[in-house]
Amino acid sequence: MNWLEFYEGRGLVVDLASGKVRQEALKPEDAEAKVGGAALNVALFQRYAESDPIILSTGPLTASFAPASCLAVMTAKSPVNGNLYHVPLTWQAGAELKFSGLDYIVLLAQANKPVMLRVRRGQAELTSAETLWGKDIPETVRTVRSANPGDSRSILAIGPAGEGKTPYAQVNQNFWGTLDKAGFGAAWGRKKLKALVMTGMGGRVKVDPDHPALSRQLAEEIKKGMPAKMTGSTAIFKKLGEKIPGPGLLSSPAKHFACFHCPFPCQTFIERKKSKAFLRFLLTDPGGAMAFRNRGKRAFDSLAECFRLGLEPMAAALCFESAKGEEAGKPGAFSNLLQQGEDLLERGLPNIQKLAPWPGPENDITAIAGKSSFSTGIPPIAPEGGAAGQSAREWARRVAFSMILGVCPLLMLIASTLNEEKLIAFMGREDKEIAANMGRLRGATRDLLGEMADPPA
Amino acid sequence: MSEELEKRVEQIMTESGVFRCVECGKCVVGCPMAKMYASFSFEISPRGVLKKALLGPDPMKDESIWFCTECNACTETCPEGVSCRDLTAGLRKLAVEVGMAGQGLFCQHCGKLFLPSHVMKYLEERLGKVQWQFLHLCPPCRRERYVLLNS
Amino acid sequence: MLNLNKTSSDRNSSGVKTNHPALVFDPRLCTGCRTCEMVCAQSHFGTVSSGKAAIRSLCLEEQGKIFSIYCQHCQEPLCLEVCPIKAISRNAEGLVCLDSKACVDCGLCTAACPEGAPLRDPETHRVQKCDLCKGEPACVAACPSQALRYGPAKSPSWIRFPRWAVQAVAFFLLVIVLVGTVCSLSLGDFNLTCPVGFLQEIVASQTIILATIASALILLVLTVFFGRVFCGWLCPFGFILDLVGRFFPRFGNPKILRARQTKYSVLAASIVGSAAVGHQVFCPVCPIGTVCRSYGVKDFFFGSGLAVIPVALALEIGEKRNWCRYLCPVGALFGLMAKVGLMKVVIGAHQCKKFSCMECAEVCPVGIVDKEMLREGVSPALSMAECIMCLRCVEHCPYGAAKVRLKGQAVRPHGVEGFSVTPVTGTSREPSS
């Protein structure tokens, strides 16, 4: 199997200032050295560093039969502290990006007027987003989709928060939040990029006839390792040893959603009747939910409101805590956070001047996660079976190689039976193929983690 | 027909390669309309629509553009690469824009043009005078409705 | 031209439909992982691509609903009727096949399908449809939550044995063996009285003998518990209708006999009439009573009252159980009781194959399964006032969708936001001849 067949072989370079969209070939040496995902993003970031880049990419296993092959990775400098961060984008983003025929998208410079980038196989166009600017996330997604019903499976967009460039802005996917805790919403806002619409529906992903069976086998192994009734968002909280942050999570029949080709649904769809309306959203952000738990019954309302505005929930919750509490209860409290960060400081409104850390007890894993370049939204679940004292390193290692290969880091943390060998098998099962691919992956992982890369003993 | 509209029609014709037509008639041979309409004639065939567009005026006002199913068989058999489907689709779109789309059926949910009325008549002929609601929805909205009814 | 009321001939000797291969999808288990799309494309085209799949996992994100759309291989495929070049056919196994080589991708099949199941690949513009992978559907094996199952399942066709047996025994006892009839029956200390006759009697004589109330209540209480089981399992006239009705051709009803409420009027008229006249007016012409009375020591199937039986029987040329549907006041009274009863027959939407099967609509003797609603993709609610609890729907449903439940149990999905459905209500349709 030619391992390059697992790539689309193409990347898109978008110059937002000039409005030009250019396709370039994926350099085989990049794939060789960096494999894909977060590691590839670092190389691309350095290459285009002068033009204020934001990079999105998939890995070679994205949209393959590897379990949870849903991942795209977004890498950029955080507007909050100027450091480089990697954000995992799950749900449909990775699959649809791959189906659009692209390995990566590089977003450069800044547009003069609000724009929207739409990609599908063989086409990419920048269109004006002036009518979308100002709309909240659900309105934006509805408007984009109504133009083409049955299309646009994955829409990454910013809401009023991102447009206002507040550092607590997030890039959202479809109607809900993502694990973007680095404030990339503001980065998009600065670029006047309102949305990235991926209308995949194509796809020519390389697979073998025995991959479905292999995937099924791995799914069975994963399920065996889980206690029954551990499904949905509850599973994440249980693995963390945390209490469920809000009512309605365990209500049955709760609907649990799984990302692209993931055998283990870890996102629960919350539906609750509130007076005349319904509160409905998908719990895509466990950290965000936990951050609001001190708001008791209103935890989920707050989370949903953050999703609506494109606000990062962990930061928003911290802002309210730093205020005197009354601020948090005022109507329109969230709207205040939509203003620029500096404004908030001047006006004495609640703010934090940093990235929000994981809203839970501190331990080895949160320490390493805080120092790493991975989004703080990735739950600090301790992978099982590691040697004592090694769980933090193992956490970092698992997140790293999953975000290089293009599979979801959460499943890697929850399912201890999964490892690199089992994933690499989807790129070839002959010994020399495995050896070659493992070598590449280990190299890329090492580079990504710096000195944290030694495999556990 | 105003200049602006003429330009638009010209553009549609250029983009669908109408000027390359050599009148071989291969498009008519594969066209399923022959099996759908008892009144099938040159007028509504791909060649007929093309001729009408070439001779003008106001091809988008003509009823003959509302029989085609947009299957693309004509384009695929055309030796010159003319796309009668694109011509018909373009003219229909133009007709909708200028408000002359009386022969088109619009989805009762999303409002998009999804079926020409003559094709709907053909469906009714084959299915009988049925009152099924779903027939008046475009396929994506129909699927959405089915999901909402059953989950 | 589609004959909407033709019945399929592919039944086995017990009358059970045999060839409807179908994928059954349970939305309660689906997580929206789209693995079904992946393996469908992979097994047919060797690559993963959601556009090339014949199954689509739709996610209505705002409402939190996930559902898979795919061809149901209908018994009466609409796509087959409208394909202009006859590229769609139904083979002996019941598989609806689309010949890709002949297909010109006009999309008319999608336009006719109630769920828009034939899917178009946006890249190649080709239309394709589930072919059940030649008998081993890839999606069924691959689904990580087993939300897809491959039918056809077996239906509980044994139900007809106890029903015919009970009907026969009831007939035997009520008509031939026991002295007295449903109207009024004594067996030692046990008394049974027809409640309609009872009502007529008390208004006619304007007295209520308290001791007799219990015997009148027996059948009513039975109905409150089990619905109109009397009509479906015990009524001797119903037994005759079921037996004989098989041999009747059916032509549909004239306009005056289309309203189910007519039987309530007959009930009201019987009671009012009895009050006016001073004795029971309906009982002498009641076919049920007449059947029971027709066998006596001397008068074996003799008597002028017997004229009522052939008349009521002749109604069968209109529709099945025509008497029971529109005219029988006994059924009307039981219907009223069944409305406040404890049991219901329901069609669970998660298992029901709706427009692709419609078996229950075809076998229901009182025609209360609204075929038009099934066509629209909705599993209809059944009126317990009309249902005679014969359980033929349960007996013939290959998917376990038709079942008996307690009134309070929630069953079907309810409610549609954003779409209004106004189906034709469950009145009889004229068959097209």
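The chains carry the letters A, B and C, assigned in the order they are written, with residues numbered from 1 in each.
The rule is short, and it goes like this: a residue touches a chain if its C-beta (ideal position, glycine included) is under 8 Å from a C-beta of that chain, and two chains touch if they have at least 3 such contacts.
Note that this is a predicted model, so its numbers are computed, not measured.
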Sorting chain pairs by contact number gives first B-C
What chain is the most remote from chain C, judged by the mean position of CA atoms in each chain? A
Any idea how many Å lie between the Cα centroids of chain B and chain C? 41
Rounded to the nearest Å, the gap between Cα centres of chain A and chain C is 50
Measuring centre to centre with CA averages, how many angstrom lie between chain A and chain B? 43
Show the residues in chain C shared as contacts by 2 or more other chains, in ascending order. 63, 66
Touching at least 2 other chains, the residues of chain B are 139-140, 143
Per the touch rule, the chain C residues reaching chain A in their complex are 28, 31-35, 38-39, 41-43, 46-52, 59, 61-64, 66, 122-123, 138, 141-142, 144-145
Contact footprint of chain B on chain C as seen in their complex: 1-2, 4, 27, 56, 58, 60, 63, 65-67, 69, 78, 81-82, 84-85, 104-108, 110-116, 125, 349-350, 354, 372, 375-379, 413, 416-419, 421-424, 432
If we count contacts the way the header does, which residues on chain B are in touch with chain C in the complex? 30, 32-33, 35-36, 69-73, 109, 115, 119, 122-123, 125-128, 130-135, 139-140, 142-151
Would you pull the chain A residues touching chain C in the complex into a rising list? 63-65, 95, 99, 120-121, 138, 153, 174-176, 200-207, 209, 211-212, 215-216, 219, 223, 253, 255-265, 269, 271, 280, 282
